[in-house]
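Below, chain A partners chain B and then partners chain C, in two separate complexes.
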Partner chain A sequence: MTKRTISRRTVMQVGAAAAATFAAPAILHAQTATLKITTWGGKWGEIMKGSVLPAFEKEHKCSVSADQAFPFVPKLQASPKKDPIYDVLHTNSNEQWKCLVEGLVEPKLDTKKVPNLADVYPYAISESIVGVSIFTSAIGLGYRTDKGLAKPTSWKDLADPKLAGMRGGYLIPVNSLGQAHLMMLGKIYGKGFQDLDAAYKALEQLKPIKLFDFTGQMEKAFLSAEVSMGVIHDSGIYRYDGQNQPIDFAIPKEGVPALEQVLSVTPGSKVKELAYAYINYMLRPDVQKQLAEGVWYSPSNKKVNLDAKYDARLFNTPEKVAQLIQMPWKWYNERKDDIDTRVARILKS
Partner chain B sequence: MASTADTAPLLAALPAPPRARVSPVAWLVGPALLLFVVFFVLPFGAMALLSFLSGNPASNPNVYFTTRHYERLVGDSLYVEALVATLRIGFVTTIVSLLVGYPLAHWMARMHSRLGHAALLMAVIAPMLTGIVVRTFAWMTLLQDRGVINTTLMAWGWTDQPVKLMYNEFGTIVALVHIYVPFMVLTLTGVIGRIDERLEQAARSLGAGRLRAFYEVTLPLSLPGIMAGSLLVFALSISAYVTPFLMGGTDVLTLPMLIYQQVSSSFNLGFAGALGVVLLAVSLIVVIAYNHVLGRFAGAEKMA
Partner chain C sequence: MSARRFDAGRAGYFALNGAIVTFLLAPIAIVAVFAVNPTPYISFPPVGVTLRWFEKFFSSEDFMNALWLSLQVAVAVLVLSMLIGAACALALARGNLPGARVLTAFFMSPLMLPAILTGLALFQIYLLAGIGRPVWGLIMGHTLVAVPYVLRTTLAVLHNFDRRIEEAAAILGASPVRIFFEVTLPLIRPGVVAGGIFAFIVSFDQFPISLFLVLPKGETLPVVLFNYMKFDLDGAIAAASMVSIVMAISVVLLLEKLIGLKAYVKL
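Moving on, here comes the complex of A and B:
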């Protein structure tokens, strides 16, 4: 009996200790607020999870739960508006517009709540942007330097007949670079970004063209010489800097569509102050510098001092920023279904 | 409490109600049934419901019933073409898998060496240990314009231009067959292995040649395996997403690709739901028809 009592007590003690140990994080968790965000994977995700987010958690005594599993918008759509799955939504601009139309994100941010907004380039909070664009990359032409090609100077260079089958683009229904390129074709070959007939005609002329879903695949196609010239953002080429790859990026004279990294807050967020603090933090010069140099994105904050090699190439002066073109995404989204069907027909051989 | 105490003797006086007999099999089937209901019936029901709604009731309180998603699907030949392409890819993949898988399964089932059987089984299963994405990428490195095959052909001077091996239905089907043939082989091996070899021997001793013994005895007896294997491969290949997406380029547009597009970039859950319902309905019709036809063959054999 004595033996059994002792053993039971021991068991209970051990059990209580174990329960306390296992429950500790949960108890701690309950006391600290949790900020739910979306963020990219890859190198960006490594930097975010490695240092940017832990530093924010420490500063604000909170925990951040970051969803890296794309696609984010359908998940936000499926969650109740009063208790959204995310507090801060990070996507490209086209998706933000879709969310705004459905009332899933707040349209604008307030400088009082996000003081660093005062230091961003005007494009980052322009009428074309929902929330704020914290970084941008530029959509231009990537090309292989070992194929005897002259550095492209115009978007029209992609239509050069000798590039047949060696040019690269995107599956327009799923990729915002492809969508921006289509609008750019309307501008160059027609009356403007919204001249879809001219854009379709120009797209027809680009066949045969290899199409990809994500920029990562396009990068791979450049590296393996599957593609000699194609639509890509500067970051997708510059990130191979120093690896001795025969690839380079060209800024066409007609301008470069901006591929904005946009943050916005969901109206139903329960931790709005924390959400604004997070956006403010992401706009802070030191955080901007770290991420900009990590993944070759142009920072939105004017006060960021980049190291020389980044400074030379990224869009971080008023003159360089003037080359960026912001696309009419709201207009595009309203026609997306028709455009998708039309484009699928054009590209299906 | 009082009322309980009052009624207790009364209840005790009554004969015990007959206990509902639950078959032990039902208890065993229970978890599977629960899984089926929770992970198939409910999600499918939600999807089917969404396909008849004008929006998402989670975020929009003013949704109403509509058939517009189905009208759009029927009204545009692109979607009908995608459905036809999906079924075509499914059929061809199934037939090629059967042609490739049957001899292999037959060989495995009739192999007397245990070691040989184990080695073959390992060879069939081994590719399944790597993910579909990895296997598809392996095919891409082989079949793409600068891939192993084209580079070799061009280096030997057999062709100046790369042969179009992928970004079309051909490449898609090659990769799908490779990925799904193990399902066919494993299903067939089990069934062929259970066919009594002596039946074949009897046929031969009665004067049938090797080929005739196979056609008249083994093949009809293995029909259940052919049916199960084909249905498995067909169902898997019409619902495949990654492989057609990576191997097909713009030449191949299947319903699973369209469904993904609708969810991930058009954010139109209703239309995606409609596409899903149609894919399921059409596959069910095909499966029932196939079952019926093969069942007739098997029945005819039994009668004979």
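Moving on, here comes the complex of A and C:
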């Protein structure tokens, strides 16, 4: 029988091989970190998937898993906080506030980690915002230009009796625009956004009104003339620019609620630096310009130079931005169940 | 020859049936009209005929990937639910299992729960177990709600099953395995296949469970359609619906060709 000996060299070789074996997944992981985000579909999604995200992946040598399948918030709620299903959450402001209250997202972003925050309009990082608003659209009144209607100048114009059955609104429990409109009614007909009694009374006066789940449905209702005047964001009308459609957008004199596109980081994210880098990238002037002109959203970065036709309509100067109204979403969310019950009763009767 | 007398009862019977058929088929007719109407919104009467929405649907990578995934998942669910459902039905009907009624209710329970809750629960279980959202997890979720269909149809066949046929085979010397494959299985096949067809359609159209279990870039057709509708409500949705309907009918016809549907119609 021969005695087998183990040399120091062998031990070192085996040790090195074992170390490499165990370290390999970590190295691979580091090389191909995956950033999990939420994002919209439609034209926005096309631009994101077509060029914006591939460019980010190339710049940061990572992969981005972009979830376009709603509902984002319940999925985030159901996932472990220490290992959330998303690293960056993109939603409207109302949902961000809901997530913040539940500890699902970080409240604010740091300029040191997201340097482009220094260049955004104050509204984008105001006290009304969780994280940062990277774009906004303005919620105002859309109308058909071929129905003999004067261009609306006030939110009160929607209550014109001539529009009975031809005005459009939203199913308030499920739509941010509907919720913003309800608060706006409180401001116009009562003492402020929180004057719900005045808002309910004004909502009653808008009946009969056609209600929609999504803005996409409202857009089609405008195109098919099912609705002559209704609540919609500017992007939902301007995106048909150049298609010879008899529709236009009006900014009521009382101001326009901002429909912010908000990004925030989840506290349990394992790739936080990458998450901050992504938000910084989304705020970069060239990326902002591409998306703003692609979907008619107003960019948050002050340094974005839009082409003339976008420049004329989007909210991209301090004077125009001053017309944007930021809604008290935290307050609204705290009462949402009661509000939902009440508006359902009003609109069903 | 005398003229046939007007039968009010018969006329009423046909009128009622006609109304029911119209009610059932009207949504399909509306979708079909929307799918070939050139306007990007529902308008009636249609202003023309176009195939542009079908072209948009078939040329969209997102739609095609989703359609392909939905088909693959539905086929897997069809096979799995037939295997599991038939085995469960045999065990429940013949196994003399204690608490067979309770077990039957247990297997049928996925149909009693709102599917969205089943989806959310599976999503949470998968994440907590560190599984993530693999395609097999989606297939398992669909199978969960598809098995009761196969179970119910197979149990119905077994309820009327004449066991003397099996006894005759046994007396003639057939082994239990041979009896199963040559006597039992052919006789319960109509029930299993009928359930399988339901399982395929339930999976292909499954939305609430898929909503939580699909991965980015790995979404099934109903999920893609739902998300598409939020931003672009145009005729591509109707074209996709028509394709889904044609797909479901094709599967039924294919099974009829391969296995024969007439037998299960007797159920």
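Convention: the second predicted complex is superposed on the first by the 318 of 349 C-alpha atoms of A that agree within 3 Å, B and C clash if a C-alpha of one lies under 4 Å from a C-alpha of the other, contacts with A are read in each partner's own complex, and residues count from 1 in each chain.
The working rule: a residue touches a chain if its C-beta (ideal position, glycine included) is under 8 Å from a C-beta of that chain, and two chains touch if they have at least 3 such contacts.
If you're wondering where the values come from, they're calculated on a predicted model, not measured in any experiment.
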Notebook entry, point to check: Fit or clash for chain B plus chain C once both are placed on chain A?
Noted result: clash
Check: Looking at the overlay, does A:T341 come into contact with chain B only (first), chain C only (second), both, or neither?
Finding: first
Margin query: According to the stated criteria, A:F214 is in contact with first (chain B), second (chain C), both, or neither; which is it?
Written below: second
Next item on the list: With the two complexes superposed on chain A, say which partner A:G103 touches: chain B (first), chain C (second), both, or neither.
Entry: first
Check: So, A:K81: does it touch chain B (first), chain C (second), both, or neither?
Finding: first
Next item on the list: Figure out whether A:K43 sits in contact with chain B (first) or chain C (second), or with both, or with neither.
Entry: second
Next item on the list: For A:L171, select first, second, both or neither according to whether it touches chain B, chain C, the two together, or no partner.
Entry: first
Next item on the list: Classify the contacts of A:W331 with the two partner chains as first (chain B alone), second (chain C alone), both, or neither.
Entry: neither
Notebook entry, point to check: For A:P71, is the partner it touches chain B (first), chain C (second), both, or none of the two (neither)?
Noted result: both
Check: Given the superposition on chain A, at which of 9-17, 27-35 or 261-269 does chain B overlap chain C?
Finding: 27-35
Margin query: Under the contact rule defined above, give the chain A residues that sit at the interface with chain B and also at the interface with chain C.
Written below: 70-71, 74, 78-80, 224
Next item on the list: Would you tell me which residues of chain A are touching chain B in their complex?
Entry: 70-71, 73-74, 77-81, 98, 102-104, 165, 171, 173-175, 210-211, 213, 224-226, 336-337, 340-341, 344-345, 347-349
Checklist line | Residues of chain C that touch chain A when the two form their complex | finding: 39-43, 120, 123-124, 127-128, 211-212, 214-217, 219, 223, 226-234
Note to self: Can you tell me which positions in chain A touch chain C when the two form their complex?
What the structure shows: 36, 40-45, 65-71, 74-75, 78-80, 83, 85, 214, 216-217, 219-221, 223-224
Notebook entry, point to check: Given the complex with chain A, which residues does chain B contribute to the contact?
Noted result: 56, 58-60, 76, 78, 144-146, 167, 245, 249-251, 253, 260-261, 263-269
